[in-house]
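Every chain is named by a letter (A, B and C) in the order it is written, and numbering of its residues begins at 1.
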Amino acid sequence: MARGGESRQWHRYTPRQRLVRFISYLLFVAVTVWALRSVDIFWPWLFDAPNAMGDLFGRMVPPDFSRWSDIVRALLETLNIATIATFFAILMALPVAYIAAQNTTPNKAFLWLGRFILVSSRSVNTLIWALLFVAIFGPGVLAGILAITFRSVGFLGKLLGEAIEEIDRNPVEAIEATGASRGKVILYAIVPQVVPTFFAVSILRWDINLRESTVLGLVGAGGIGLLLQGAIDTFQWQVVAAILLAIIVLVLLGEAISGWLRSKVI
Amino acid sequence: MLQITNLVKRYGSDEPVLKNLSLTVPERNVVSVIGASGAGKSTLLRCINRLVEPTSGDIELNGVNLTKLRGGQLRHARQRIGMIFQGFNLVERLTVMENVLSGRLGYVSFLRAAFRRFPQADIDRAFHFMERVGIAHYANKRADELSGGERQRVGVVRALMQEPEILLADEPTASLDPKTSEQIMALLRSLSEELSLPVLINIHNVTEAKAYTDRIVGMRYGRIIFDGAPTSLDEAAMDEIYAGTPVDDRAADQAAGRPLETVPS
Amino acid sequence: MSAEVVAGAGRKWRKPPFIRNPVLRYGLLLAAAVYIYWVMTTLPFDWERIQEGLPRAARIFNGAFPPSFERSGLLIEGFVESLQIAILATIFGLLLSIPLAIMAARNLAPKPIYLLGRAIIIVARSFHPVIVAILFVKAVGFGPLAGILTLIVYSIGFVAKLLAERLEEIDWGQVEAVRATGAGYFKTLLYAVFPQVMPRQIGLSIYQLDSNLRASAVVGIVGAGGIGSTLMNAFGRYDYDFALAITMVIIAVILVSEAISGRIRKRIW
C-alpha cells in the first residue's frame, strides 16, 4: 500500500532486463580488458605512433608526380584487371547461381556442389587467392585476374542465387502450362525476373573489384599496388603520396561511374 | 472432349482434396465450376494440365490419357491446354508481345525462343488475336504497364496462341472490377463459340456463372454435388454448395459408409 | 480449332532492342569487343612463366595435401591475436565513429564541420585496408598494433558512414520536442537522437566485429599481425600443407562468425 506523498520508485528496465544488461556489460568489459592486457603490443610504440605517423606524413608532402606516366599506366592496368575479372566472374557465376538456388537446382548433389563453390569462393579473401595464383603462375596480371575472378564468383553467385529463390512462382507456372521445356521456362519466366538484380549486383561487384585490384600488386599480382610497393620499399614517400592520391581518384571515379550506370540501367 | 473419371488428389496423408471426382466436358461447351474456397476447384483445374500431380484416376482429353504422360509427352499435351490465371501470371518485365508469343514456346525451337525470332505465322496469329481482344496497340509495352483487364486479355491471348483444344480458366475475373470482369467473361464465351473450344471456368461470382456459361458444376469439399443448367441452380442448390463444413461432410460420409473419407495412414 | 488466320497477316514484329539508338547499340557492342581484345593483347602476360603453371600447381597441391595441423600451437596463437585485433579495433573504431558520424550528419553539424567529417570518412573508405596496413607497418613497425590501427580506420570508414546516413534520416519532430523542454545540445543527442539510431548501431557493431575478423586475416599478409602473418610465413617457407590448414581454419572461423553475427542481428533488429 503506497501512502500518498511517499516517493515511488521508477526504473527504466525490469530486474531481469537489468541483469541481462549487467552481464552483457561485464562480458564486454572483461573481453576488452583481456584483449588489451594480452595483446602483443610494445606500448611505447603506441605512444610514439602519432609522432611516427606525423613524421611519415611530413615526408610525403609535397607529393611527387614526376612519374605520372607510370602511374597512369598502372591505373589503367588496375582498371583492366578489375573489369576483365568481373566479366569472367559473371560468366562463371551464372551457372553456379542456377544450381545453388533451391528452386532451380537439378538435384540435391548439384545444390551442395553449388553451395560448396560459393562458400569456398567467398570465404577466401582476394589476397589469399592472389597468393595462391602468384605461387602457381608467377607474379603478374594473370594471377590478379584469377584472384579477383575466383573471389567474385562467390559474391555474385550468392546474390544471384538468392534473387532466383525470391522470384514470383506464378509466371513460371504459367509458362510451364504452355508446354514449354525447362530451358524455355528459364528464358521466359526466370531470366526476366532476375535481370534487375543481375545488373545491380554486377555493377556493385565491379566497384568492389576496382578497390581490391589496387592492392593485388602488394603480393605481386599486378596493378598499381606493384608501383606502390616499389615506392615504399625504396622509401620514396613523396611518390607514395602521389600514388595514394591517384588511388583515391580511381576509387572515387569508379564509385561515380557505378552510380551512374546503376541509375541508367535500373 | 474432356473426360475425368474417379479423380483423387491427396496431399501427403491429409484428407483428399478431390474425392473420386468424375466430370465430362463435351466440345464447345462453357462450363463453370463454383464452390466455396477450399472446395478443390483450383486443384481440379491444375490436375488437368498436371501442374498438380493427381493421386489416382484418369483424365482424358480427346482420347489422350493425360495422367500417364511424362517429360516431352506431357509438354506436348500441355501445348494443347490453354490456361488463364487469377493473377494473370504474366512475366511483368517482358513486353506484351513476348508474353503473347510465350504461348508458342512449346512449338518453336530453343534458339528461336532465345532470340525472339518466331515464325511469321505465329506473329500473324498473335496480331490477329491481340486485335480481336483489343490490345494490339500495346504490343511493345511492358506487361506491368497495363491495367488489370488488359493484362487478363494478354493472358487469354497467350492461352489462345497455344492452339488449345480446351481452355482452363482459374478464377479469371477475381482480380478485376465488375465491369471488366463481365467483359472478360463475355470474351471467353464468344471465343468458345468462334473457335469451338470447350472452356472450363472456376468462378466465385455465381451471377456471372449463370449469365455467361452453359452449364454449372457445384463442388463441395472435393466432390461434385451439383451439375446442371444455370436455370436449374436454385436457392436450395446454392445453399447446399456453400453451406456445411468439412467436418459435417466427413460425418455424413462415415454414416453413409463411403470409403474414401476414412483417412488411411 | 482452325489455324487459318488471315487478318493482320504479314505484320512484322521484332523485340524492341534494349538500347533504341542503333548507332549507340552497335557502337557499345563494338567498343566492348575492342576493349576485351585490347586488354587481352596488351596486358603484360608472361606466357612462358604461365606455362610452368600446371606442373607448379600440381606440386603445390601435392605439397598441400594432406593439410598439416602439426603446429597447431602457432595456428591458435595467430587466431587469438586476430581476435584481439578485431575486438580492440571494433571497440575503438566504434568510439571514434560516433563523434565522427555526428560531424558528418548534415542535420546535426554546422557546414564546415560537416565537410570535414565527410572528407575524413571518404579518405578512410577510399583505401583498401591492406594499403592502410602497409603505411601503419612502416610507421609503427610489424605486429598487431599496426593491425589494430588499420582496422580502426577501416571501421570508421564503414560505421561512421552508415551511422551518419542514419542520423540524417531521424525523425526531427522528436528532436524538436526534447529541445522544447529546454535541453541543451548533448542532452538532446542523448534523449532524442541516440534512441532512434541505437538498434541500428548495435547491429552495425556486431557486423563490424565480424568483418574486422575477416579483414584481420588479410592485413596480416603485409605484416600487421594475426593469422594472416602466420599464413604469409607458411607460404613464404613453402609449407603448403600448413598454409592449407590455416586457410581451412580461416574459412571455418569466418563461417561460424558469420552465422553468429547473423543470428544476433536478427534478434536485435
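Of note:
Following the convention adopted for this analysis, contacts are C-beta pairs under 8 Å (C-beta built on N, C-alpha and C of every residue); 3 or more make two chains touch, one makes a residue touch a chain.
The shown structure was predicted, so the numbers you read here are calculated from the model rather than taken from an experiment.
Ranked by the number of C-beta pairs in contact, the top chain pair here is A-C.
Greatest centre-to-centre distance from subunit A is found for B, with centres as Cα means.
Centroid to centroid, with C-alpha atoms defining each point, subunit B and subunit C lie 51 Å apart.
Chain centres here are Cα means. That of subunit A falls 48 Å from that of subunit B. With centres defined as mean CA coordinates, subunit C is found 5 Å away from subunit A. Within subunit A, contacts with two or more other chains are made by no residue at all. Among all residues of subunit C, none touch two or more other chains.
Under the contact definition stated at the top, the residues of subunit B that touch 2 or more other chains are 98. Per the touch definition, subunit C reaches subunit A in the complex via residues 35-36, 39-40, 43-46, 49-50, 52-53, 56-57, 60, 80-81, 83-85, 87-88, 91, 122-123, 126-128, 130-131, 134-135, 138-141, 143-145, 148-149, 214, 217-218, 221-222, 225, 231-232, 235, 247, 250-251, 254-255.
Those residues of subunit B whose C-beta lies close enough to touch subunit C in the complex are 95, 97-98, 116, 118, 120-121, 123-128, 131, 136, 139-140, 163-165, 195-197. For subunit A in complex with subunit B, the residues that touch the partner chain are 168, 170-171, 173-181, 183-184, 187-189, 192-193, 195-196.
Of all the residues in subunit A, the ones that touch subunit C in their complex are 31-32, 35-36, 38-42, 45-46, 48-49, 52-53, 55-56, 77, 80-81, 83-84, 87, 119-120, 123-125, 127-128, 131-132, 135-138, 140-142, 211-212, 214-215, 218-219, 222, 225, 228-229, 232, 244, 247-248, 251-252. Those residues of subunit B that touch subunit A in the complex are listed here as 49, 51, 72, 75-81, 83, 85, 87, 89-94, 98, 102-106, 110, 113-114, 155, 158, 162.
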